[in-house]
Amino acid sequence: MKKMDIPGLQIIGKKRIQYVISWLAPFLGLMLVLAIFSLMPEVQDRFLRVNNFKSVATQSVIVALGALGMTLIIISGGIDLSAASNIALSSVIVAFAINAGIPPVVAIVFGILTGGLVGFVNGSLITSLRLVPFIVTLGMLGIARGIAKWIAGNQKIDAPLTWVNELMARHPEPPWLLMAPGVWMMIILAVVMAVVLRYTVFGRHVFAVGSNEATARLCGIRTNRTKIIIYSVSGLFCGLSGVMQFSRLTVGDPTVAVGLELDIIAAVVIGGGSLRGGEGSILGSMVGVFIMSFLRNGSTMMGWPNYIQEIIIGAIIIVAVSLDQLRHRRP
Amino acid sequence: MKKMDIPGLQIIGKKRIQYVISWLAPFLGLMLVLAIFSLMPEVQDRFLRVNNFKSVATQSVIVALGALGMTLIIISGGIDLSAASNIALSSVIVAFAINAGIPPVVAIVFGILTGGLVGFVNGSLITSLRLVPFIVTLGMLGIARGIAKWIAGNQKIDAPLTWVNELMARHPEPPWLLMAPGVWMMIILAVVMAVVLRYTVFGRHVFAVGSNEATARLCGIRTNRTKIIIYSVSGLFCGLSGVMQFSRLTVGDPTVAVGLELDIIAAVVIGGGSLRGGEGSILGSMVGVFIMSFLRNGSTMMGWPNYIQEIIIGAIIIVAVSLDQLRHRRP
Amino acid sequence: GKQEQEDTQQEGVKKIQIAVIPKGTTHEFWKTIHAGAVKASRELGVDIIWKGPQKEDDRAQQIMVVEDFINRGVDGIVLAPLDDRALCRPVQDAVRETIPVVIIDSELQGEDFVSFVATDNYKGGVIAARKLGELLGGKGEIFLIRYQEGSASTTKRENGFLDTITSEFPGVSLLVQDQHTGATTETAYQLAENLIGRFPEVEGIFCPNESSTFGTLRALQESRLAGKIKFVGFDSSPKLIQALRDGHIHGLVLQNPMRMGYLGVKQMVLHLRGQSIESRVDTGVYLATRENMDDTEMKNLLEPDFAAYLDR
Amino acid sequence: MIQNQTSSPLLQMKNISKNFGATNALDDVDFELKRGEVHALIGENGAGKSTLVKILSGALKADKGGMLLEDTPYSPSNPLDGRRRGVSMIYQELNLAPHLTVEENIMLGKELHSWGFVRQKEMREKVKEALEFVNHPEISPDVPVGKLSIGARQVVEIARALTGRATVLVMDEPTSSLSQEDSALLFQIIGRLKEQGVSVIYISHFLEEVQEVADSFTVLRDGKKVGSGEIKNVSLEELIRLMVGQKIDEMFPRVEHEVGDELLTLEKLKGIHMQDEVSLSLHRGEIVGLAGLIGAGRTELMRAIFGLDAVVEGSVKIAYLSMSPSSPSQRIRQGMGYLSEDRQGEGLAQSRSLADNITLSHFHPYTRFGFLRLKKRRAAVHDWIRRMKIKARDPDQAVLSLSGGNQQKVALARLLHQEADILLLDEPTRGIDVASKSQIYEWIGQLASLGKAILFVSSYFPELLGICDRIAVFHRGQLVDIRPYSQWTAQGIMAAATTGKAV
């Protein structure tokens, strides 16, 4: 009976703890990874250096940009298996365009738009043929990759060096930038997308479509239009990611990023995205990206053979998501 | 008014057509593929030969065995991304065992049990940690592949030739077999699984779990146990598939079958399996497997460049599933 | 009976059809082999069908390709086997159906093929090791960056390198020797970047193929270490040639893929026409450096003129 | 023997407590069930009824307290345990596997088999019997349940609960989607079960039903037991007083409203899933009721009007303007709103918050340049929670953690929040408690007095008679007759709905 006297206080106390946990949960996995390598005597001094963090940030850009779009898609209850092929295609297009003597800015726009187009086609097929996203994007995985190889003539496209290749330079041109322009772009876009998801009507529609499409339709949301926008935006992100990939490699390589879609999806899911739709966050996905990047970085530094790395990364994916489950368990 | 008088008849008429369509739908895609290549002057005489069909059947065994298990999993609303890694691991185990001088029969049993074990671990993690199958099996994708490479010492394992390698010979030993023993095994197991799904209590429970897990639990089905069995059985199939893979390669190759999980899943989905659970059939999945095999076979025979093949296969996946959608559209 | 018929060389009756099956289709190296094969086919008046496994470097898929060509009934198969064992049975199957097989690039066990045309990969590794040892003056700390698990030809190069370094250059120590880059440039890039972050004291690096060499080159350039760290790579591409010129790469071990493709097809055609051929042809390994890269012979190896033979 | 049976209760639940986070769903509740009795469990929405019976069935675990079944300790760890001890249950939210057929659903978890192989023929017979038993032999055992209407699904669910051999049968609002005819039939069945010695726990918000069928009752309020006893010793007023702590003056309050111009006109409208065309008109300030049995096609009509189903013939006119073909989003902009009968499947985004659900169809008041003003919205939603008496902790709580009736209130709140001119209400009071119901009737009346047009589908004829201006009766997809409410009686509606002929 006594405890009932101050129910308000009790609720606030519990809620605050829950809130803190739910806010921290995505970071737990990251902390764990950072802690593991910081405690390894072989690498701790090297691992925690600013320079290392800078390389990890740069290495993460490509997956991170893909993950921004994938977060949208996964929240809306879809999936995009063609993301990696799309990145490869866009990077080939940029290289092709630059090689053809088109000004770099225009080439970049081409690359991004190519990504957007692929996304738009995905979205249109999904909505008009009423197919599951898994299948449409699985088909697109092959189609986009095939087109990339076709355009590149089954080869790398060697493009002349331009300022585009500075976008992902670890030592950026005006040195006060500190990090590669690509990293800044990633950060800015992540913030933009987080705001879009949380504070715009479109963001709410994305969640509603993912949570219960029938309800969304009933409430007057044009679910098909929303989905097409989602896939197109996600495609644009893949396009940008392709630009970054080109910037990093300095060539347009149609075989790049094979299998990267699983990394991207894993990042989103590690960050709390639910493949059943309706759940996910940009912050979480970014944390997921960094968990994977630091894992790769640390294991390579440790000199672990690749198979050990593969095993550990596999295990960490499971552990990280289990930690995330804590949030959802009822207390 | 009039049409209301004999609603029964009307329904039967409609139902029969629907039934015929629903039975034929999975085959439509296959017919389409066969028709395309039968009309190509370059290959038509060769394509329709018994020998070619035999090769395609042999080439399909590995994916088909994987698809038998995957069908169960997908019907139950899950997914198994680790199937291909599991196949590689099992094939390495068989090679390792034979190499170590263990009798082939025992080596085969080891291989199959390894597959079963991986599946069991998947199932146990999914049920005990209450994680989504996508994540657990994504983690296992890396873990199983890593272990395979570890055991094989980052190299393929050359095992002495034994009768195991005859399992997938295109010209089987007692010639009256006509087809490789592996093909017969695939056929028999497909029939067994079809019967299990349709006529056993277990089969019904698989559908129930996939259709509405909460309901299944409330109806007293031990959903966790059912799921563990599903993943274990599917693992056993992957193990057997690994044995066949070894038989075909004559070496244990830890890098084999990379990305094959997507082929397996695609086959099941082309065959009418729904990734939301509750739908799918063995017959459909087998047709899906053969659609993909004939596509590969035909395109290779035609000598089409790989990128064309990739594009076409991607497109066919989408088209085949669109055809399948016809079934589900309400008349 | 079929062969004699074609021996009479009746124009227009039926051209000889030869399937050329590489390990993959998207590397410059295979492109050049393709060009060589086309060159031979033009000179000899035969048709070739160029077709790799659909997934690069996948043994199982290559077996399917061989089987499918057997079913198509080509006259001969020129094959770069992804595995010296796994491809034995399909090759046997081909021979059983009276389709002769020439092996190029990598070894195949057994005797079922009519000729073997390849680079001595082990020797390539040896040459690279000698060059790097010499560049370092016989002492220093180096990386051996490996390509992919289970790839036979690169493993041979790695072994040749490792054996030579340890036996001939005791002053050189290996900081890293069991890290694999995986198949793509990007993964190689990240691996090299992370390794350099860990071992900034590294003085020399060897990579066993084009993608690992290029990925590592990018990492070196990004870390502003290109040219400072002695770097020996394998195979060529325009970017690698540029790097050689800039002094970012100090040596490239080259094969002669053009010749390999050319000879592979030529041997097959000669065999089909009933002539006797050598059972082993070594196409040679060469070392390109900044100094000799403009010699005509090297130039041809570095930048084979495949545009003349391929449409694009 | 008989005396022995009556002396010790069949089931005792002692000091049961259950918390969901900060919500006290049950607080020290005692409950007793005698052999062969029908025991009504009643209370407001969110009182804890469903939670209590879920603990009994093994679907939930109590935080505190214990149970005795047939004088032996009983603590089921899952529903299978419960069923083994003879506890069978119909859950409040429909619990069917949509892809499985009627037969498979009914036999789920208790398949007849030899060596693991199902004995299909036998089961089919059994299922046919069960469906006949509940008077719905027309439902084919081979139809996937996903293709049935909500009402038919509830019938299937009842059939399923009856096929098992049970000592305790729990029914959580079994009649919420049933027609009165089916309800009456269910009571007969319950009577028969009682004679066979089965004890029934019966949860319902229809208190007349409770008085008709139950022997004894227990009332819960805010997770506490506030009274129990023999039903014959208590009056309806007293039951209500126990439940809500106050008296309700008028069950069906009629608010004065004036019928104005014609607003919605259906001209020979036929949706793709409708059996027959329907013509109907609806005026400003008018409440038109649609009565019928389950499967009469009323939901299909609503869906066609709202643009959820394609229109194949005829037209929908709003204020004399033809507006078809159309989609829900256009309908909403044209001032129409729809409340689905299926709150679980399509009515609510279960995993989203109350705030999102209530404002989903009408974000407009809380946006500036496309950005949401979350604070303002929160305040508004708080208001709705208070007005609708929704039992919820705060606006950010996920809808799936609410009780059934409270979820329904959320769905209704969204429609009211939307400020539509034409309201299509499909079974709006499903699962809502008496007090809230009368409140809702009053609101509907007020909406009419503001000049809105309301189409009100219900299978509970008294409420149609209580608040509608005109009532239309459907029979097998056809509109039988439409008349002012004063020209209908409950029996008249029933006769028209069952026979298709108006008297």
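By letter and in written order, the chains are A, B, C and D; residue numbering begins at 1 in each of them.
By our rule, contacts are C-beta pairs under 8 Å (C-beta built on N, C-alpha and C of every residue); 3 or more make two chains touch, one makes a residue touch a chain.
Just so you know, these numbers come straight off a predicted model, no measurement behind them.
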Review point. So which has more C-beta pairs touching, B-C or A-D?
Key: B-C
Practice item. Indicate the whole-number Å distance between the mean C-alpha point of chain A and the mean C-alpha point of chain D. Key: 43
Check your understanding: When the C-alpha atoms of chain C and chain D are each averaged to a single point, how far apart are the two points in Å?
Key -> 72
Review point. Just how far, in Å, is the C-alpha centre of chain C from the one of chain B?
Key: 35
Check your understanding: If you average the Cα atoms of chain A and of chain B to get two centres, how far apart are those centres in Å?
Key -> 30
Review point. What are the residue numbers in chain A that touch two or more other chains?
Key: 149, 154, 258, 305-307
Revision key, fill the gap. Note: chain D residues in touch with at least two other chains are none
**Study point:** chain C: positions in contact with at least two other chains
**Key:** 25, 149, 178, 180
Practice item. Quick one: label the inter-chain contact graph as line, ring, star, complete or other. Key: other
**Study point:** chain A contact footprint on chain D (complex, rising order)
**Key:** 20-22, 308, 327-329, 331-333, 338, 340, 345-352, 356-357, 360-361, 363, 367, 370-372, 374, 393, 414
Point to revise | List of chain D residues in touch with chain B within their complex | key: 57, 59, 78-80, 83, 89, 91, 95-100, 104, 108-111, 113, 116-118, 120, 272-273, 275, 476
Check your understanding: So in the complex, which bits of chain A are touching chain C?
Key -> 43, 46, 49, 51-52, 55, 59, 62, 149, 153-156, 158, 169-171, 245, 248-251, 253-258, 296-297, 300-301, 303, 305-307
Check your understanding: Where on chain A does chain D make contact in their complex?
Key -> 7, 10-11, 14-15, 18, 199-202, 204, 207-208, 211-212, 214-222, 278-279, 330-331
**Study point:** chain B-touching residues of chain C, taken from the complex the two chains share
**Key:** 19, 25, 49-52, 54-55, 57-60, 63-65, 67-73, 83, 85-86, 88-89, 93, 96, 148-150, 155, 178, 180
